[in-house]
Every structure is written in structure tokens, then in C-alpha cells.
Amino acid sequence: MKKKLVNNPDHVVVEMVEGIVMERPEKIEKLDDFNVVVRKDAPLEKVALVSGGGSGHEPSHAGYVGEGMLDAAVAGDVFTSPTPDAVFEAIKAVDGGQGVLLIVKNYTGDIMNFEMAADMAEAEGIEVDHVVVNDDVAVEDSLYTTGRRGVAGTVFVHKIAGAKAAAGGKLSEVKSAAEKVIANVRTKGMALYPCRVPSADESTFKLEEDEMELGIGIHGEPGTERTKVKKADEVVDDLLGSVLSDISFKNGDEVALMVNGMGGTPLMELYIANRRAHQILEDKGIKVYKNFVGEFMTSLEMAGMSITLLKLDKELKELLDAPTDINLMK
Amino acid sequence: MKKKLVNNPDHVVVEMVEGIVMERPEKIEKLDDFNVVVRKDAPLEKVALVSGGGSGHEPSHAGYVGEGMLDAAVAGDVFTSPTPDAVFEAIKAVDGGQGVLLIVKNYTGDIMNFEMAADMAEAEGIEVDHVVVNDDVAVEDSLYTTGRRGVAGTVFVHKIAGAKAAAGGKLSEVKSAAEKVIANVRTKGMALYPCRVPSADESTFKLEEDEMELGIGIHGEPGTERTKVKKADEVVDDLLGSVLSDISFKNGDEVALMVNGMGGTPLMELYIANRRAHQILEDKGIKVYKNFVGEFMTSLEMAGMSITLLKLDKELKELLDAPTDINLMK
Amino acid sequence: MTEKIKDIFMKISDVIIENKKYLTELDSAIGDGDHGINMSRGFKKVKEKLSSNDYEKNSDLVKTVAMTLISTVGGAAGPLYGTAFLNVSKVIPEAEFDIDAAIEIGESAINGIQKRGKAEQGEKTMLDAIMPAVESLRESKEKNLELKDALEECKKAAEEGMKATIPMQATKGRASYLGERSKGHQDPGATSSYLIIKTIVDEINK
Amino acid sequence: MTEKIKDIFMKISDVIIENKKYLTELDSAIGDGDHGINMSRGFKKVKEKLSSNDYEKNSDLVKTVAMTLISTVGGAAGPLYGTAFLNVSKVIPEAEFDIDAAIEIGESAINGIQKRGKAEQGEKTMLDAIMPAVESLRESKEKNLELKDALEECKKAAEEGMKATIPMQATKGRASYLGERSKGHQDPGATSSYLIIKTIVDEINK
């Protein structure tokens, strides 16, 4: 049983949310009785953005609540989607009369809970719409699955939809911007070591000392392929290769590149991977317009990383560059 | 032997430095033949700041090279201080004729190598001075040690001396600002799991599955005390207690609080610790003026954290708030 | 009659809480290992709510159960069971209970689950326990079986349905990410559904 | 004579490289586990440099060794050994080598190490191997021992000095952070110093 710096496994989420709010008390606050973080100046006269999901993916999503990104983030139990009442409270807290866009990662639970919250909000006369992020190329998007998972690419949706809303975009426009990101963002992840949920005794999967797992998600679930540990460059070749073959790129295209640590990966390794990713993209004539290296969408202390490419056009570049409070995405 | 995402253990530093520069190519560059990261616009007409040390502490120090912080960072091998020739190259690259301040963490090796570099630079007519950061309260500062180690508090020295230099301070003034930080900053760290240096087969120390190590440094060296794993709040009580009893605080004092992850610690745990730190400080009537939670001075993938307090006055608050390019310290 | 309904839900809660570890283990194999944790968190709250309140109408009691599950379970199971019971609260009779009522209750539950989850029978979900159970009630009605016997048949059908999920490949929910690898494991949601049906039948027939 | 000196440094390099793991393990116990890695990185470079160049004077050769160590070893050992050999390069005789020369070499090395590191004997550092070795040379001179025997004594003294670091509490370098816990371990720097002295003696006396 992996050691953890916690008090009571049943209280990790509420204690964490309190700690998050204490870091930026002038900017964000917690709703009473709910693990919901909202902008202190909400509701604002603009389209409001609400996201959330299970906890354990920090800084997602509470870390993205701020000017130019989210208006509220709802934190469910660890790796468990939040309940509709919490999402509903978030919606009510940030709705400024211009409508609310929910940014949902593609998991059955998340979709159902957010949809129910949307129903509740609509019943109270709040205009609500939602987008579903599904950037994980590891899962086949076919009739026989519930479709691709939403992973690190979600952060780009937060940033770009957030910028569109901050610029005064209407709900339909903000939604279009979010959907443009979703259409152009792809991710694949891997792990060297799994993670343990605080209330569980063991990690959800096991790896031998010479094995790694490719096509991993962000919930400690096993991936799609188990192989011997490879060199960093070979791992990047695999991840970026899958991403590049899933969406058409041509010479001269510009991208945002995110090398995302899963929680337990040292920055040194992420930068070694980043170097290789640049080499590959340069070979293909793809220009890295903006590069993000660090922890954006984690899976507790899982050791591993994911690589995300977002194909950019003029509009997306402008929105990506738009000002935000959130240092991670500046 | 812990798995790692690397290519060749002998090349981790150079590959990492290349990856770091690729993230911000418009801002920073690498010196040919040396693992030195410098501002692209250097030398500037201001006092230049050079820091560095062994690698494995990322984002320290290359992550702090930018407007309002460092002008150059020298990366030694993993946990090994850089050599004088590399430091000398860094000094030459950023000296703009107003003098250079070296920010050195208090380790025998770092001090000797930086001093030798300073000798070389002075021999070429460059004005060089240095400060030694020693914020780690875990080590007794007595005749029987080489004094306290420099750890996470170093980042505050970078920020504040950097702001002073950017504001046009003279070398002596920049040095005074740095020394004011050093006089007022204290840190203590702990670990649940050690780290492994890429070129070594094993981690430098071992912990049983119910043990943790208090008073840890940032080089995988064992700490000062080994105990049973405690609750997060108790751990924070110990770390912050040591810090608070080392420097006199009174009701109404203002501080910068840094909760620093050691590389393998999930953000969730850092925020749970942050919450407790705020409770303790509030009880003592100490006001958190600015709060930093994340990874600032790591020890590869070590799982654990350190807590740093910097006691602030008007001048330090202004310099801490001064603009910088470096998102982590905004 | 509300007392009887209350007893049934108290009993269901106990059974789910007792099976927390079992349901979680099933979910670890093909999901994310939280089904037992989520369900028992919800039914603990249900027990709390029901013990500290009196309900005049069955519909109010069942609605409370539904809302409590919706606001405490989370994940996929929370909205699915919550919506199922919410639908049930709209059709549950206040006075006598017969096979027609049982069928209506079952169908309304299925409608709720399908409205939310858009699954069909055979996709390795809770529906694979519930749908055969309700189908068996309809058959029993045609055969004019006694309510007691019809309920026993219904329980048996639920158990068979649950077991039939073992060889299935999941095409809905988290287990679908595993593709072929989801075969050979019993679905956790079908298992909790069977446990609920079994408890209801045993309580009514005892 | 430069050929001989070159051979000695090639041999020292081999010995350090062979002992990479051993020195690193010693440093893991009370330091940061890199002494062997650092030293063998430096001496690999020394081998490279010496094999690809010819030196007319001993002083040039030793200076090259010193500068190479300074620019490749890093950590504490780099500047210490570098400065030691830099000092040695200033006193090493170009022609004959006698016990006086040996003493002068030893003392200049000690001076270099103390100039940089400001340590005394008994602080659990490389000085605890080197200083007794040089002291033994002085004693052998008083006793008028043959050079060969004096060198053997010197080697023995270095070994004893190295072993004497085991019970010491470190008050310099990284090991000092451990306080009392530094006791019971042999100092890695004293060990590399002994290996160097031993190799020099064995090469000269062989």
C-alpha cells in the first residue's frame, strides 16, 4: 500500500479544495457544502464556463478557475464524476444571464451527471449547453465503445472557450470555439508506474519492473498495450506517432504542443521527451507555435506522461494567446 | 531499479537543457558546449544574475531564467555542482558591464566551483560578487557542520534579487536585497519515497513501507530523522513548527508561503498540506501575503514536500510582486 | 404501506453496504474499482435520510431515495439508479400492490436507465439483470401466476441475467475501453441490480 | 620521465573507473551517491586527454590533469582534486624523484585542498587519508628509509587514515548534515584518495 500525505482518505477532496482556495483567496472561493470552486467575481456579464470531473487530476479543474478560463470547477470524489446537485450549484453560482457552457470529459458518468444538472438548470430558466471532450486516441472511437476518453486536451478547451467567453462571445460562439478545439486536439498517454486511490488499498493495475503501459487513461485504469520499458525517445515516437496519424497534418501547420506529466514524473523526463517531440515535428515541417511542459491533467502520483497536439488556425492562436489569470496557461 | 523515461543516463542533462530551451526559444538559449541557459536578450545594461547547481531540481534553475529573475542558469550533472568553466562561460555571456551576482546554494561543491569561476571572471576584469543561500532549518548551523543547505528558499532569492536588478539596482544593492531574503527565509522538507539518480542503480536511501524521513535535503540524501508515516497535518505541524521556531515572528507579520513538491508528490497532497499551513499561520496571527503551491525546487521523482516561509517587509513585498516573465513566480 | 417500503429500502441499503468490497472488486477487473464504494456511500446516506424522516406517501419516500442517490453516488451508477427510482416514484401505488404494479415499476425503472444511459440489452450493463427480470414478470402475468411465485421467477431471471454478463463484451460504460478484454468478468452494475431485485423479492415474500 | 608520469595517471584513471560503483556506494551511505560517478567521469576525460597529447614537461601533464578534473568532475571533489593537482604541477620535479620531492608534492596537494575546502584532519574527508600519508613520508625521511620502503609506509598510512574515517563524525562536506548518523561509514573522498596514493606507490615501486 503506497504511502500518501493525507489525513483521512474520506476527506481528501474537501481538504484539497480548501487548500486550493487558500492559495488564491482574492480570486476564487469554495461554495458552502459543495466541492465547487468559483470565481469570486462571478457571476459576470458574459457566458459562464463550468467544468469538473473526478478529483485526482489536479491542477484540473479548479486550477483553471480564473479570468480568461473557467468560472467554476466541480470536484467529484477521487476518479468519480461529481453529482448533478453539485454541478447545478456551480451553474447557479456563475450564471450571469448570458448562458452557461459545460465542458465535460467523455465518460458515461460525467456525461450523465452533467446532463442531469443541465436539466435542473434549464428547469430554473438558465440557458445551458455542453461540449464533450474526447481527445484520447488510445481508445478506438467506434460503435463498440462509448467513444474516446477526454484527457489533457481538455485544458486547451478551457483556455480557448474561456478566451472566447471573456471576449464577449455568445453561448453559441463559445460552444463553437470549444468544438473547434475538440475537433483539432489529440492526446496519447503512457505510464511507468500506476497510482493508488487514497481510499483503496492497492493501485488499480500492476506493472513489472521492466514493463510500461501505453494508451493509459487518467483514472488508474489499465492502458491498451503493455510493453517492455523503452527509451524516452522511442516512447515519444509511439505517442506522437499515434497522435500524428489520427489527424491530418501538412507541412507548415502550426500546433500547440503539451507534454503533460501524470503526477509522479520528474520535470527532467518531461523535458527530455519535449526535445524529442520537437525533433519529430520539425522533421515533418510542423511548427510548434506554443509549448506547454509540466503537469496539467494528472492521475494522482502516476509516473508517466501524455503528449497532446492542438492544430491551430488564426482564431485558435489568438484565443490561446489571450490574457488569463492562470499562470500555467499564459 | 526504478524505471525512468530517459535515453542514455549520461546524456540526461544535455537533452533536458535542449528540451527546456525548445519550450521558450524566443526567450532563452543554450550556450554551445555548455549546459548553460541564458536570456536571449543578454547581456543587458543591468546587474546580471547567475545561479545554478546540480541538475535534478527542475524547474530550478533554468526555469527561472527570464525577465525579472535570472540572466543565466548553469546545470551541473545530476546532483553534482557545475564546474567552474561552465559558470565562467555563463558569467561572460550575461555580463553587461554592471557586474554579476552569483546566487549559490550552500554546498561545499557549489561554493568551491562558483568561487573558482568568480576568480576566473575577476581575472578578466568582470565585477563579480556572490551570495550563499542556506535556508534549510533541518541542518544545524554550527561549527560542526558546513552550515545549512540551500533549498527551496533560493527561488525567492532569484525573484527578489532579479526584481532589484531589473529595477536598475547596483550590484551592492542587488546583493543586499538577496541577503535580506536569505536572512528572512527558512525551509524544512520531508520525504515518503526517495529518488534514483539516472546513472545509479539504486536510490540513495531506502524507507520501509511505514516510514518517512524528516529534514530531507534535495539531493536524495537521507534526512535528520526517520519516523513512522504520519498524517499530513502532523507532518505540516512538524515542518512549519521547525521553521517558525527558527526565526522570530509576531502577530501581524506577513509572509510568503511556499509548499513545494519534491517531484513525485501529487498536487492533491500539496494542497492538503497547504490548508494545514494556513490554519497554523492564522492561529499565530501571521498573514499569508502570497502563496506558492507546486514544484519549485525538486529532487527528481522524490515523493515529499518542503515548506518555506519568507518574512516580508514593504521592500520585499514590492520586489516579490514586481513583474516577471516566469509564470511560476507571478 | 410506507413502513413496508421503508423496511425494504433499509434492507437494500444493508445489502449494498455489505457487498461494498465485492462490487468494488468486480469493478476493478473491468472498470475503475469504485462501484461498491460509490453505491455504499449512497445507500449509507439513504439509511440516514429514511431513519430520520417520516413519509406519508410511498412516492415521497421513493423520491427521497432517488434524490439521495443522485446527489451522493456520482459516477455512472448514481444518475442511472437515481433516474430509475425517480421514475419509479411516479408510478408506485400508494395502496395495493399487484403484478401489474410490479411490471409498471420495472418498466419505469428501465425507461429511466435507458433515457440516461442509452444502452440496450446485451451491452454488459445493469440492464442485463433488470430487463430479463421485468420480462419474466410479464410472462408470469400471461401465465396467471400468483404474485409470490411471479416474484420468485423474477428474482431467478435477474440472477441469470447477471450471470449472462460474464461472457459478454462491454460496449457501454468504462468496461468498453477494454474491448475484448472485458469478456470473462461479471458486470458490477448488473450485480448490484440483482442484489436490489433479490432483496425486494425476499422482503415482500417473507 | 613524462612517460612514467603519464603511465601513473593512466593507471590512476583505470583504478578510479574500476571503483566507480564502490565509491558511489560509500557516498550513498553518507552523501549523495555520486562520488564514483563524478570521479570516473573526470578520469575518463583525463585518459582521453593524455592519450591524445604528448607532453614535454611533467608540470604540463599534471596541469592538464588538474584542469581536466576541474572542468569535468564538479561537486566537491572536482575543485579539491583539481586544485590539489594544480598545486602539484607547480612543484613536481622534471628529472629525479626522491623522498623530498614526494614530501613536497604531498604538502602542495594538502595546501590546495585546504585552500579550497578549509578542512582540518579529523573532519572525515579526503584529508584524513592524505595527511597521514604525507606525515608518514616525513617520518620515513627522519628514519632515513629507502624511497621504496618509505612509499610502502606511506601507502599503509593512507589506508589506515582512510579506515580511521569510519568512526568519525563528519563536520565538513555533505556527510556533516547527518550529524551523529555519519559515524560508522568510511568516507568516499578518503577512499578515492587512498586509491590514488596506492596506485602511485604501486606504479613507482613495481
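Should a chain be cited, it is by its letter among A, B, C and D, assigned in written order, with residues numbered from 1 in that chain.
Please note the rule applied: contacts are C-beta pairs under 8 Å (C-beta built on N, C-alpha and C of every residue); 3 or more make two chains touch, one makes a residue touch a chain.
Computed from a predicted structure; not experimentally measured.
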Chains touching both subunit A and subunit D: B
Furthest chain, CA centroid comparison against subunit A: D
Chain centre separation (subunit C, subunit D; CA means) in Å: 77
Whole-Å gap separating subunit B and subunit D, where each centre is the average of the chain's CA atoms: 32
Rounded Å distance between subunit A and subunit B, as computed from the means of their C-alpha atoms: 29
Residues of subunit C whose C-beta touches two or more other chains: none
Residues of subunit B engaged with two or more neighbouring chains: 78
Overall pattern in which the protein chains touch one another (line/ring/star/complete/other): line
Chain pairs that touch, as defined at the top of this document: A-B, A-C, B-D
Contact set on subunit A toward subunit C in their complex: 54, 76-77, 79-86, 107-109, 112-113, 115-116, 139-140, 143-146, 149, 197, 199-200, 204, 217, 219-222
Subunit A - residues contacting subunit B, complex: 1, 3-7, 12, 15-20, 22-24, 55-56, 58-59, 63, 192-193, 195, 209-210, 212, 229, 231-233, 235, 263-275, 278, 288, 291-293, 295, 298, 300-301, 303-305, 327-328, 330
Subunit C to subunit A touching residues, read off their complex: 24, 28, 31-34, 37-38, 41, 70-80, 82-83, 116-117, 169, 171-174, 176-179
